[in-house]
């Protein structure tokens, strides 16, 4: 049963989102991947967020560009922690998505990661840090990875 | 029966939104004002947008700051034209809201106005331009205003 | 008889403007395309805007980069709604055109879309939202498109 | 025993950090507050981060401005989740701290909140979302708060 | 007979424009001051620019904020040199007007000065440099001023 | 005898500066081209500016990137009008040079053009506008060019 | 005999520059303070830089805003290390001076500090770090200061 | 025995860092090169900085991108002068690293160079300027280089 839901706005974001899912695998975290858009398919997003906790999900990761409303839309409906990855596919190349993802109003936070591929990978690691508080296997996987980083 | 719905994220935005409603009055446009937030009360936003056309509304105006998802959230649910006013109450003073409002993905546009009070007033005038295509009294009110601008 | 006038500053913008015209076709909207520049051929722009309403046009769409004065120049002369697309051909890649298009002074609004190809497509959809208030066939075309988006 | 460590660079940040601690109290979360700086007292930061997990802390919150290295310095030493609040006390008013906080390299994420007081409050709520996965009382406190937001 | 026309968008800009006119007086340059707007009174702007050379004007100075189309609108109609002062009255505080003033398309230049009061004064000095090529009294006035700067 | 001095920081800028010199030829303006740098060869810049007027030059054009001090260095030494072209060869791609060129302190103006090739061409046209006040052949060349633009 | 020359563009910068000189005193460094401008009094700047090393100066500190050419102008004439403080007195509030100070072309570096008062103080500390390589008393003064920071 | 330590975050930065080391060779400066990261291997960074002075190093050069904490982390631990090179490998292309490198808090300065390859080379030259105060051979090497620049 997946602990993390990874949501992208468009199938075009798939290559970057694979950076996230590779990290989740490395961190021993079960996940599911969905394509839905806060602007094009808001009901899907709403239903997904609404049922996420009951379906056993514990962290949501959302990748979006431009106005980048996806992470905020999920956060507005669930009380699970949401991690946002600002993507670069708009013509402003991610500075728009960075601001839209980070500048959430008080009460409904989103954890904003770095723009693009750095953020895509870090979304996976941040999910591991959160879930590592509860699941020893995940904590150990992340600690092993950090140890390797140091030893490399 | 109101033709325009003016929606603000927070009662704190009321002074700026009065710039919009004064223009709507000057343009002979009936309107209603609501306070709701894409992030704090997403169901209210969804229901409002979903029923807007059936209730006779023809244009929606949304004022929001920071991530500024309100205009986009309305646009994702209704097919009425939505006008967005980027507000300045976040610490980034509106450049964030400008990008979040303008950079909508293809398929679900928002008409982005200028940041702050300029945009608040222009949202009213733009609604008049749109509705002026259909209602002669509104078209004439806007044309009179433009004539006065020239004569002043 | 065209309802929408699509104006570009230069023939070099043609590929992006085709994103707009493809959407207008999909939305069952008759349109005309013109090349003229607020800075190089201001009289053309003035005459076009001045006669636009009488010639039956109801919405103008302007694509411009850099100082991007085209949309504002049209809006200063007509009282029809104007939609602006900030283009990316200047060395500042569209952030200049975004600000120049959005930051219109009170009284003469322009509906600013996203920078580049996202905005080019959304200009067509926004025209459909405006005209859909008056023409059922256009409203239905846009609603069908939105339904498809959801079902895809 | 505190679950959350709130660290600020300087006592001057105290008023904003109280926005965080008020939220933590409202969320039924025990916390401790420390003043230390990644640049002025790096050993303190290192020791704090190194012993954080063993002392029972589960989430760290760091408020910093300008180069804003505090959150990243904590994250480089602990494997606990770190939440960063970009502060506005430098002359660039927070855009510098936003980028410095969000743009972490792959492997060592920081959850970047909004600039200034919005982010200060959201750091508290995000800590509640994370800890709510493990502690029912915290989850319920945050859900109650969200319910109130909707009902207000 | 005035050699320089100083045009401002709005009477609200008068205090800053007085920085320009004080310099023009100091430089022994006759000038006239007008209030007109590229967006609100485009015909006035057009007529002013069209007749400027025949009325003996040799340099135009335009102060505008936000989309800041005034200098470009003058330049599009006259072949006299136009100097643009990016003003700060929009909520983006002049970065918008700087880009809109400087980023003119090839063929129709505007000489962009610094944002705000620095630029208001330099517009006067730049007019003196241009006119000093033709009028000895103006050249000497500017050279005297520069000598004083060095001696102060 | 050249009326315009075109100065570039480095031979690498030559292709863009040819955009300027082609325009000067088209405008019937004699010019000279020099390579010198405000930072690497400041004495050359100083001597060039100091003797410019006596050698018959009437306008200086400077192309520089990054800190882009060249135009300002010339303007600090001569009282001739200086036109600055912000170049794009630094890693910040011209936004740095735009600010450095435009933001001159009161007393010593530089006429800032658009970034890159647009500005390179407009520097030539602006020189023609300035010199056209004094030389009929140049005025007519620029007026002919503008007429062609309109007729094209 | 002073080791450090502190140069400001204008007496208006005096309050901020006192942040620098207070640090220099605390660091046991003899200094001199001068007011001169790269744009208004370039010969002064040139002569000052040219004779600086022979007069026993070892480090130059320059505070400037806007185009902020002062530090670069000094660096172009002396081979002593130059420290630049980007000031905030232009309407762009220091982002212009930051870029102009940092983006020096290869061969003639400037050490750019933070914008405004942070940078003013750090210019003094950086001078102490440089001079501490050669003068034990200065090295110890800076090390004492750092020790105090840690102990406070 | 090396006088300068050149530290890069990742082996991927090696090509740019070679711009630095080539300059150091040209300036007759012995150096060592290390790969370590403030975020991935903070202990290495700490130990390196702590022992730097005792090992005879006199200047540290750090190249980092994104949050770019490396230079600041070194500066927080050593009292040697640190030179920071903002790199471009994050998706924000160096504007993030420029701010993170320059905006250090009072007490712990970093000398920020230009973004990317300009800065990489200038880091070498700035080290030569600093060390030239103490070592005649280095001073002469830099003075020779500057003389060549002028003569070229």
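Read from first to last, the chains carry the letters A, B, C, D, E, F, G and H; within each, the first residue is number 1.
Heads up, the rule we're going with is that a contact is a pair of C-beta atoms (placed from the backbone, for glycine too) under 8 Å apart; a residue touches a chain by one contact, two chains touch by 3 or more.
Predicted model, so just to flag it, every value in this text is computed and none were measured.
Visitor: From chain A, count the fewest steps through touching chains until chain E is reached.
Guide: 2
Visitor: Provide the C-alpha centroid distance between chain B and chain C, rounded to the nearest whole angstrom.
Guide: So the centre of chain B lies 19 Å away from the centre of chain C.
Visitor: For chain E and chain G, what's the span in angstrom between their mean Cα positions?
Guide: The answer is 35 Å.
Visitor: Check each residue of chain G and list the ones that touch at least two other chains.
Guide: 40, 66, 90, 92, 95, 98-99, 102-105, 107-108, 114-115, 117-118, 149, in rising order.
Visitor: Mind listing each pair of touching chains for me?
Guide: The complete list of chain pairs in contact reads A-B, A-C, A-D, A-H, B-C, B-D, B-E, C-E, C-F, D-G, D-H, E-F, E-G, F-G, F-H, G-H.
Visitor: Which chain D residues qualify as touching chain B in the complex?
Guide: Residue list for chain D touching chain B: 88, 93-95, 98, 114-118, 149-150.
Visitor: In their complex, what parts of chain H are in touch with chain D?
Guide: Per the touch definition, chain H meets chain D at residues 9, 37-40, 42, 46, 65-69, 72-73, 75-77, 90, 92, 95-97, 99-105, 107-108.
Visitor: Which residues of chain B touch chain D once you look at their complex with the stated criterion?
Guide: Spelled out, the residues of chain B in touch with chain D are 40-41, 43-44, 66, 90-92.
Visitor: Applying the document's contact rule, which stretches of chain F touch chain E when the two form their complex?
Guide: Per the touch definition, chain F meets chain E at residues 58, 79-83, 86, 98-99, 102-109, 111-115, 117-119, 121-123, 125-126, 129-134, 139, 142-143, 145-146, 149.
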